[in-house]
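Next, two complexes with chain A in common: one pairs it with chain B, the other with chain C.
Our next item is the complex of A and B:
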């Protein structure tokens, strides 16, 4: 009996090995490696030198581009998350209505989620192109001035947010929809019997019951927003100038275009702390509500 | 907000202002979500003169397909396509295999360190590629996987979400089934392969759809790992055409449309798995 149990144990470890090995080699080891990289000054021609917190101090005190990226990402996250949260509730509620063609509407709102960031960016580049784009053609048709949408800093940031919301809204709306469908119908019947109108029912039944879902949307939205790279990298290339250069783009640039490994690692660590905090918050909130 | 509250209606049927408002919002929303894609599809069938014309035409004056044939001739589209298909298929197969093996071990055996391992696997959700892309690249380069499709396939194949999803599903399979198989003399691998996996099919289907979507649309991994044109995936190939100064828009449009056909078909057939996957686990879309 004893030997059999030992062999089960061995079997379990064998089954785990491929997956865990990949985790260790490609996630856990790099994460530790990243920590050490952030403490070294590297150059392509000399061996790395240990410099302690120098990279972090440089980032925080001298690196204008890093601060630019931080300001950009904060604007991006605030705009993105506000729109995502508000619109996903609106769309979720709409898609939960007893309307005709409901399946079609759900698919239509979900469809952009399937598209790759590159395709999303190309689709909108084609629409927003300052010379040939259909949006400017429509504006011109209405007698309004054409705009250099992606070539002016403020517009470029606006469209960066808009395009990302467009691409991810369906995902969050589906989460809200699932949350709405989990609200017991008895609560609505009770509200109906008590003579609560639509607004009161929404305010006092739907909103409180949807709160856990909304927290998920809010925090997941923030995490994904801080991690944004592909959509904007292809849409604007971080431009015009550095107007839409976000933190991950900064990391990519330092690591792969400028060979500033130490700075890239230090900036990665800053971003990691933000994502770590958000994830732990989500976990604690979820656990306190017993929903995970 | 005001519109949504007005549109609240728990028993359908009557056409009041709220319902009309709901339809209005839905139609408007559908237009915003769907017209941009329709627009590039229509544009891809227009001639070069027509796509640059102002005011633009909505439907093509003459439906032409030379954008497609031209794109196929002038760009190594088929090579990119082949690379994308290879990456998607091989990576999805590996993901299903190793994630389900890990989930099997974590749900059907008791062994020291099991819960710790599970927590560590879930914990890696907090470390997205975006925050470790540099050290990951250095590791991949050291292993000689830079500029190879294996470098895109292997590292992201051990997905924490996949392990989680499958483990939760396998927990619902009664252990008595496994015991019965053992009494009948089945080995452990055979139990995994012939008893547990067939019963896990719905969860495997969800993971398959997500894996296809993740891999087909992936951009950051290939961007980091690959810098040789012959190894480009579709997404890398398409991304070369970004920017205001692109002059080959007619080809870019055609290639973009071609690249979204497979994923659209997958969606049409397997939509319910996608939606249920998001609804039950918040799986990243």
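Our next item is the complex of A and C:
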């Protein structure tokens, strides 16, 4: 009996080993290397020099671009997560209705998720081009003036959030849809018997039962927002100026345009700490409310 | 008691299956080894990986040379691949740090890779090979202790190209020699207004192009000795104010310089006939010859002249990497591509300027657009020394990127000129410590 249990355990570890090995080699080891890299000043011309916390002090005390990127990412995350959460509930509820061509609508909403972020951003860049874009052509056709959609700071951030939401909404809507379909029908029947209208049913049955799913959407949405790179890099390049320069773009610029790999590593560590803290906080809040 | 083997008994008289399997495996192994052994050519051919990025017209030129080399060196096969310029540096750094760099690569900032590059000196047949090339560009691929990591492969010169057809249509004369930038911008703005094209003038979003503009005011990034930065100098400040002013008054569009991080070119706008005046460089001549054809008349003109001639030299380099498995063969390829014959063919076909002293001395006759190419060659002759000091400084790429991005912040109204230059100067000093 004991031999059999040991054998089962060993088999389980054996099956887990390849995954764990990949995780260690491609996630844990680079993360540890990144930590050590953040303590060095790197150069393409000479060996790295140990500088201790100098990179972190520079980031936090001297670098205006880093703080600009932090401000931008907070604006982006708040806007992106609020829209994603609200719209995914709306879309999930709509896709859960028993209507004709329901399958088509579900595919249509999910389709942008399958597209490469580069393709999505390029297409929207063309749509929003200030000289030749489709959107401005429509505006001109209606007798309205052309707009510098991606050349004004406020519009650029709006469109950055819009494009990201457009590209990822389908993914979160499917999560919400799965959550909706897991709600027992008996609860809706009971609410119906008690004479609850659609809105009351939604408020007192659907929303509480959907809370665990919404926590997942919130946490995942927040992590993905903090880490966004491809869409913004292609759509605005972080511009105009630094209007849409997010932390990951700051890291990319420091590493590949200024050859400051140590500084980039330090910035990525700061980003990791922020995301980790927020995620744990959300998770604990969700647990305390019984949502998870 | 012997175990009975039902399958053995059932197959009695038909031969042992294990023995049959062993015999078949042995036969297959022998056959496989025989096949391998019968390909002597494959076993002796060395494959060299050659990574390239293209400006357009250089592609057929280099492909022709690669083919010629493959045909005349049967023991070497070049695996030639092209990557986009915007991705080149991070791709190479990533590959090189993993020991997977190509054997040879075309780059524009060779110093980024010095910790991964191969010293070719022990493998070159011509021990004076380095002396065949122009001194300043050659320094960019020479290590601190004289190591030879590659060669300068082509020289470039920044300079403007204008849509002559639009000038004629607008009835505006082209400014004469030694015209200032203001003269050119005023003329371009008049042409734009008269013809209705969307863009009067544009400059590639590049620290290199910007420095060429600054040079004409006596400005620039580095001090004479190259050991410090002078981004906040009065001359540089005056030039930046002028540059920003051309954007604020609408002469230059925000579409190019108001972008975020990274290089943005305005060549498509010029090729499509939407741009009157385009500050770029000679590398555009060949691709514009093909891309524009007879659609409209265009030509190269001198850089704006303020207190001195503007413009910046540049160029691309071929560098070898130390993870090469056959460094002697890599050296053979480098000597071939850097030879007078191959370089002449390359320069003429790609419409680039050569980097060999003998070819610069005797000149190169281009089959088409010879006048345009000579405008650039003449520009090289008028370049101030400070242009060479800047361009061939090891930190030029990094400082150029920083100044470029800060100037963008001024154009979009995020910073004043003074604040932007102060921040750029501080950051540039930090970068010099690297």
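Convention: the second predicted complex is superposed on the first by the 252 of 292 C-alpha atoms of A that agree within 3 Å, B and C clash if a C-alpha of one lies under 4 Å from a C-alpha of the other, contacts with A are read in each partner's own complex, and residues count from 1 in each chain.
Here, a residue touches a chain if its C-beta (ideal position, glycine included) is under 8 Å from a C-beta of that chain, and two chains touch if they have at least 3 such contacts.
Given the structure is predicted, the values throughout are model-derived calculations rather than measurements.
When both complexes are superposed on chain A, chain B and chain C clash. In the superposed model, A:28 makes contact with chain B only, not with chain C.
Judged by the touch definition given at the top, the superposed model places A:151 against both chain B and chain C. Within the superposed three-chain model, A:207 lies out of touch with both chain B and chain C [touch as defined at top].
Residue by residue along chain A, chain B and chain C are tallied for touches, and B comes out ahead. Using the contact criterion defined above for the overlaid structures, shared-chain residue A:130 touches chain B and also reaches chain C. Touch criterion met: A:192 reaches chain B, while chain C stays clear of it. By the document's definition of touching, of the two partners only chain B reaches A:275; chain C does not.
Residue contacts after overlaying the shared chain place A:74 against neither chain B nor chain C. In the superposed pair of complexes, A:57 makes contact with neither chain B nor chain C. Contact with chain C, but none with chain B, is seen for A:243 once the two complexes are overlaid on the shared chain.
Two complexes overlaid on chain A leave one chain C stretch from 6-14, 78-86 or 222-230 clashing with chain B, and it is 78-86. In the superposition on chain A, the residues of chain A contacted by chain B and by chain C overlap at 130-131, 151, 237, 252, 255-256.
The part of chain C that touches chain A in the complex is made up of residues 89-90, 93, 111-115, 198, 254-255, 258-262, 264, 394, 398, 401-402, 405, 408-409, 411-414, 423, 430-431, 433-434.
The part of chain B that touches chain A in the complex is made up of residues 1, 3-13, 18-19, 22-23, 25-26, 29-30, 32-34, 36-37, 39-40, 43, 51-52, 54-56, 97-99, 101-102, 104-106, 109, 111-112, 114, 117, 120-121, 124-128, 130-140, 143, 154-158, 163, 188, 192, 213, 216-220, 224, 235, 238-239, 241-244, 246, 249, 252-253, 256, 259-260, 263-264, 267, 271, 274-275, 278-280, 282, 284-285.
Put simply, chain A touches chain C in their complex at residues 41-47, 58, 64, 130-131, 148, 151, 153, 236-245, 249, 252-253, 255-260. Contacts from chain A toward chain B in the complex involve residues 8-9, 11-13, 15-16, 18-20, 22-23, 25-31, 33-34, 37, 86, 89-91, 93-95, 97-99, 104-119, 121-127, 129-132, 134, 137, 140-141, 150-151, 166, 168-171, 174-175, 177-178, 188, 192, 198-199, 201-203, 206, 216, 220, 224, 227, 229-230, 234-235, 237, 248, 251-252, 255-256, 261, 264-265, 268-269, 271-272, 275-276, 279.
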